[in-house]
Amino acid sequence: MKIHEYQAKALFRQFGVPVAKSYVVEDPDELGPVGNDLTPGVWVVKAQVHAGGRGKGSVQVDGKVVGKGVQVAPNPKVALDIADSILGGTLHTIQTGDRGKPVSRVLIEQGVDIESEFYLALIVDREHAGISIMASTEGGMEIEEVARTQPEKIHTFTVNPLIGYRSHIGRDLGVEMGLRPDLLVPFSAIVKKLYALFMEKDCSLIEVNPLVVTKQGQWLALDAKVTFDDNALYRNPDLIQLQDLSQEEPSEVEAAEARLSYVSLDGNIGCLVNGAGLAMATMDIIKELGGDPANFLDIGGTATTDNVARSFEIMLKDKVDGIFVNVFGGIVRCDVVARGLVEALGQVKLEIPLVVRLEGNQRDAGLKLLEDSGLPIITAKDMRDGARLIVEACKKPGKGN
Amino acid sequence: MAILVSKDTRVVIQGITGKAARFHLPLMQAYGTQIVAGVTPGRGGDTVDGVAVFDSVGSAVANTGCNVSLIFVPAPFAADAILEAADGGVDLVVCLTEGIPVLDMLRVKRILAQKDTRLLGPNTPGILAPGPRVKVGILPDMVFTPGPIGVISRSGTLTYEAVAQLTELGLGQSAAMGIGGDPIIGYNFIELLAEFEADPETEGIVLIGEIGGNQEELAAEYIKKHVTKPVTAFIAGKTAPKSRRMGHAGAVITGGKGTAKDKIAALEAAGIAVAPTPADIGRTMKEAMK
Amino acid sequence: MKIHEYQAKALFRQFGVPVAKSYVVEDPDELGPVGNDLTPGVWVVKAQVHAGGRGKGSVQVDGKVVGKGVQVAPNPKVALDIADSILGGTLHTIQTGDRGKPVSRVLIEQGVDIESEFYLALIVDREHAGISIMASTEGGMEIEEVARTQPEKIHTFTVNPLIGYRSHIGRDLGVEMGLRPDLLVPFSAIVKKLYALFMEKDCSLIEVNPLVVTKQGQWLALDAKVTFDDNALYRNPDLIQLQDLSQEEPSEVEAAEARLSYVSLDGNIGCLVNGAGLAMATMDIIKELGGDPANFLDIGGTATTDNVARSFEIMLKDKVDGIFVNVFGGIVRCDVVARGLVEALGQVKLEIPLVVRLEGNQRDAGLKLLEDSGLPIITAKDMRDGARLIVEACKKPGKGN
Amino acid sequence: MAILVSKDTRVVIQGITGKAARFHLPLMQAYGTQIVAGVTPGRGGDTVDGVAVFDSVGSAVANTGCNVSLIFVPAPFAADAILEAADGGVDLVVCLTEGIPVLDMLRVKRILAQKDTRLLGPNTPGILAPGPRVKVGILPDMVFTPGPIGVISRSGTLTYEAVAQLTELGLGQSAAMGIGGDPIIGYNFIELLAEFEADPETEGIVLIGEIGGNQEELAAEYIKKHVTKPVTAFIAGKTAPKSRRMGHAGAVITGGKGTAKDKIAALEAAGIAVAPTPADIGRTMKEAMK
């Protein structure tokens, strides 16, 4: 689960990680009172969206560009004007996709005199089975770019979760980065606090880019990106309220509510599959045979009749020219899937081709249910057959593509 | 003989009184698996489908000599269940549970590194060996047949797909298993490749990978150096859009880009035949066996 | 650091470990209001002192025995009367020594219908480097007695602190004790909570004896003994207020305040030594030579002039016939010790023999300081010599022993 | 050659800018110890008595090749300091700090069990080897002289006492060390007995124990089976009252009663000469060497 910068910074404050003074504004009416609190000097206005590249991205209001997603204002008045102009707009960055992300909140943050910028991240490290801490002097840069061009400037330590953080880890990373001795202990303290946040809130990523030292010698987290492990939200119920669904794809949100995994793509064939691997493979074979998937919806390993029906409804909302259901039953039973399809098709009239391939657990029962339903379902004998049938069906004259 | 399991496999099911366990228990029994015990805390003394229920794995081991545990426990309790199995002294834990918090699994992984118990999964469909007729998990046994091919997969359903194709082409299986789709898992490709390489009944190996991570690249390197038996592979996700889930810092940690193209290139460079589509896995293996 | 039963039970409540309903009374004037709250039925009145054996020990008021330290009352009225009678008295048990312990508080606890009694303890296990959990069906008994006569009835699991508690530990101990299945999960929950308390508060021991199951099938901690690691109190500052110094030996309290380790004995020779091993050895050799130590005071490894002087003052308060200072300087400097002695003797006139043996770090400087002071100090050339000198000095006619 | 330390010992002092460290640093230097680095976080670049200060043990090791760490860090930070030394890669950590919380040390003990770094202490006076003139700690070197006796002790000051007696009687020492007086320590009696047994320069061993625990009993058993060199012992606390500190549950866990009488009996049953008083340690060793 992703959260906004301002929410991440609130968590930083709670864990004692230094951040600059800032105000969140949701409603233009709040700008007046906030304006009274802004002290003279530079303030930075930042659109709060779930996407990177805000500084280069532009905010549009009614289709017109009104400014960038991050803007520096020389004084409070200008800051308030900028905030007013972008609130309610849509931010378009390289990460947002064509639709952009709604700017429902802005963060107005006090400007600081930066002496130097750093990069700091904590992340679950699959390969080393630990929490890896990555630090670099190349703050403010895209870290993948740094990894490619100056890999020696990324310093990493993997914390064994059974041992936990020890103060020398941050100091050693600081020494490797060439920090001045007086900056080492406070740097390590920040890493320690972020590690505590990571573990306590079941994070999957904390990224601070840039983490800066001010001309006054203070460390400050100028940006903050935190994502949480969805699987652990049950033990951090306070975090669920931080979720901002307006930042996500509506169909993905709907699928997630039904505990389904949904990915939207660019083509015209809907794919309803069980298992991520089979879903990807189905997409691969459709492409191989000249078709183009519109999405894939993984009904997962615990599908019930209800959520198969639900999946099918979500799929129909996403404009598609045909649907391929490809299920190999293991824990999922083919008869359950068939019953879900029949149920969904009792509600809506099917006006596009539907190819169904069932195999494995309770296949015969499933196929019989489909046959008995009398619905215009095309059944396939195997995966290639099914892919071929749907690709052909979606190429018929009168259909797109 | 298969790998990991054998005719001496005696299974205990943790979470045996749950719905999914109760559904799959008779399927495993019908296939021939010796399910000798179940565990549900507080339900010791009950029986489910003729299987005695115990209050802990420790007492199940003491009373039944079970040596493999199959976990159906819900995600919040699954990490603890794995550790209970390890403390109880079983040799192998097969954990089907999906959605275990990753920090729990990091701890489990580190703890198991110091113990003798091995883990398959979590988020795996389990393992099936058609020769001794042992199924520890939920794989659809009707598509399996005994024979010389070992199947290792990151995906559940693609495993079934591959096995069905092999069976169709007359290539039976020594054993097939999913390693699990979660970020942190027990057995990885390399460890299972080593098992199949050492297994006298296995003559060829199918490896089914997918985009993300660098396990396939590591496997390719390992196969080149240590595996003498023919290996064929399939990588799912060739046409997948760049995953929106993998953050940048994650990509840096992993090192590789995790694309299907890179993985296929690595496998082919190691002399491994890669199936062009998921429908060609069986055929590709058959050709490699000639 | 020890705490009272009622304080331990308050911690149990805080961590969710079930205890019976109870009231603490400090002042007889509170008995009225508490009496209004007591529901009809049996109540147990328990003297709150830092000592075991309360049930068999007797409370004395003005030298007269008024009852046992734990008494069962058939109704609230009797409970209030008992509480009133023992408050302000002194409890004498096999563990309190001759002086007894003041009964400044009583706990009035609701009686329960006990079905079965158990023993449960968590303790730092040196040998296995973990937290050992000990459980037994022989609740209410002295556990050392059980260990001697029925060792098979004590079940132990050592928790690796890097791994922590797992639910099967309590269940396995419960199975070993032969608990009914329905009691296992709640038993494990109690062990889990006590483990959390142990780790969070840096305990060195938690002992529940008895832990009972009531006829209603509920687990209850009927007694509660908790001791904390003194070395970790700095990170649990809230615990320090739980300390009840009135329960400790006054001279030991005074020594502890000066960060000294003091043990009071029965003889007449005071021993001021550095290091616990040397202190015990000094005691041993004094006894071997026919003397009898009154105490030993270990000035530890970081003695300053000030606390050497302080030690000496504490020692003089404890009536002794002579003092043996036996210091082998390592981290402690003999000159510092000598300066402390000279300082202390500047304040009080020494009327008893003082034998000083200095060796090691800065010995010569120390001996010179003593010589230069002109004080009537007997210096010894080695440990045996010193012990011999003090034993002889304390045997002189006119002195006790 | 001594044990644990040698002429190649290169010491880093953690907490070098503290008061006690500054007092003992020149004493160690004067004795001949190579103190090559110090660590105080935030003080990197300073020097203390000619010794370069670093910000972490890792950088001290990288820059000076130090291989033994001596810890003078205050108790709340000492456990972390031990782990820093281990992560930094030194071979031996000598921890003088007194009063480390026992739960911290339990964790340290478990973590070090998986690493190559060994620990002496905490709450030890350190180790001194008169042959190579290496002192890592605070032992008063003026009472030492080179020779064939190894001294292992649970008590600091009693170690000095024993060494002074040995020197007085013409018995020099190969090395002497305290194992530390805390509940949880690194090196124990048995491990050090094994080191001395294997050390060609050691011809006899003095073991100084005290009441509590069961280390002396275990040592007696070990000596009987594995130590060929003469060993003499002293147990402090023969006349101590039953300790008020050791709870009942503790006694049950330990198993033994931990009395001096039991320990002396165990040692004598193993053929070890036990000194009757602390003033007889040297004499008893001398007789055993005949």
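Every chain is named by a letter (A, B, C and D) in the order it is written, and numbering of its residues begins at 1.
Note that a residue touches a chain if its C-beta (ideal position, glycine included) is under 8 Å from a C-beta of that chain, and two chains touch if they have at least 3 such contacts.
Keep in mind it's a predicted model, so treat the numbers as computed, not measured.
Note on connectivity: the fewest chain-to-chain touch steps from chain B to chain D number 2.
Shared contact partners of chain C and chain D, listed by label, are A.
Chain centres were defined as the mean of their Cα atoms; on that basis the chain farthest from chain B turns out to be C. Centre-to-centre, using mean CA coordinates, chain B is 55 Å away from chain C. Distance from the chain A centre to the chain B centre is 28 Å, each centre being the mean of its Cα atoms. Across the assembly, chain B contributes 107, 111 as residues in contact with two or more other chains. Touching two or more other chains at once are residues 162-163 of chain C.
An unclassified topology is adopted by the chain contact network, corresponding to no line, ring, star or complete arrangement. Listed by label, the pairs of touching chains are A-B, A-C, A-D, B-C, C-D. Against chain C, in their complex, chain B makes its touches with residues 41-45, 55-59, 77, 80, 83-84, 87-88, 107, 111.
The part of chain C that touches chain B in the complex is made up of residues 163, 166-169, 171-172, 174-175, 181-182, 184-185, 188.
Residues 121, 123-127, 129-132, 134, 142-144, 147, 154, 156, 160-162, 199, 202, 204-205, 207, 227, 229, 231-232, 234-235, 263, 265, 273-278, 280-285, 287-288, 293, 300-302, 327-331, 359-361, 382-384, 387 of chain A touch chain B in their complex.
Chain C meets chain A in the complex at residues 162-163. Per the touch definition, chain B reaches chain A in the complex via residues 20, 24, 75-76, 96, 98-104, 106-107, 109-111, 113, 125, 138-140, 142-143, 153-158, 160-161, 164, 181, 183-184, 208, 210-211, 213-214, 234, 236-241, 247-254, 276-279.
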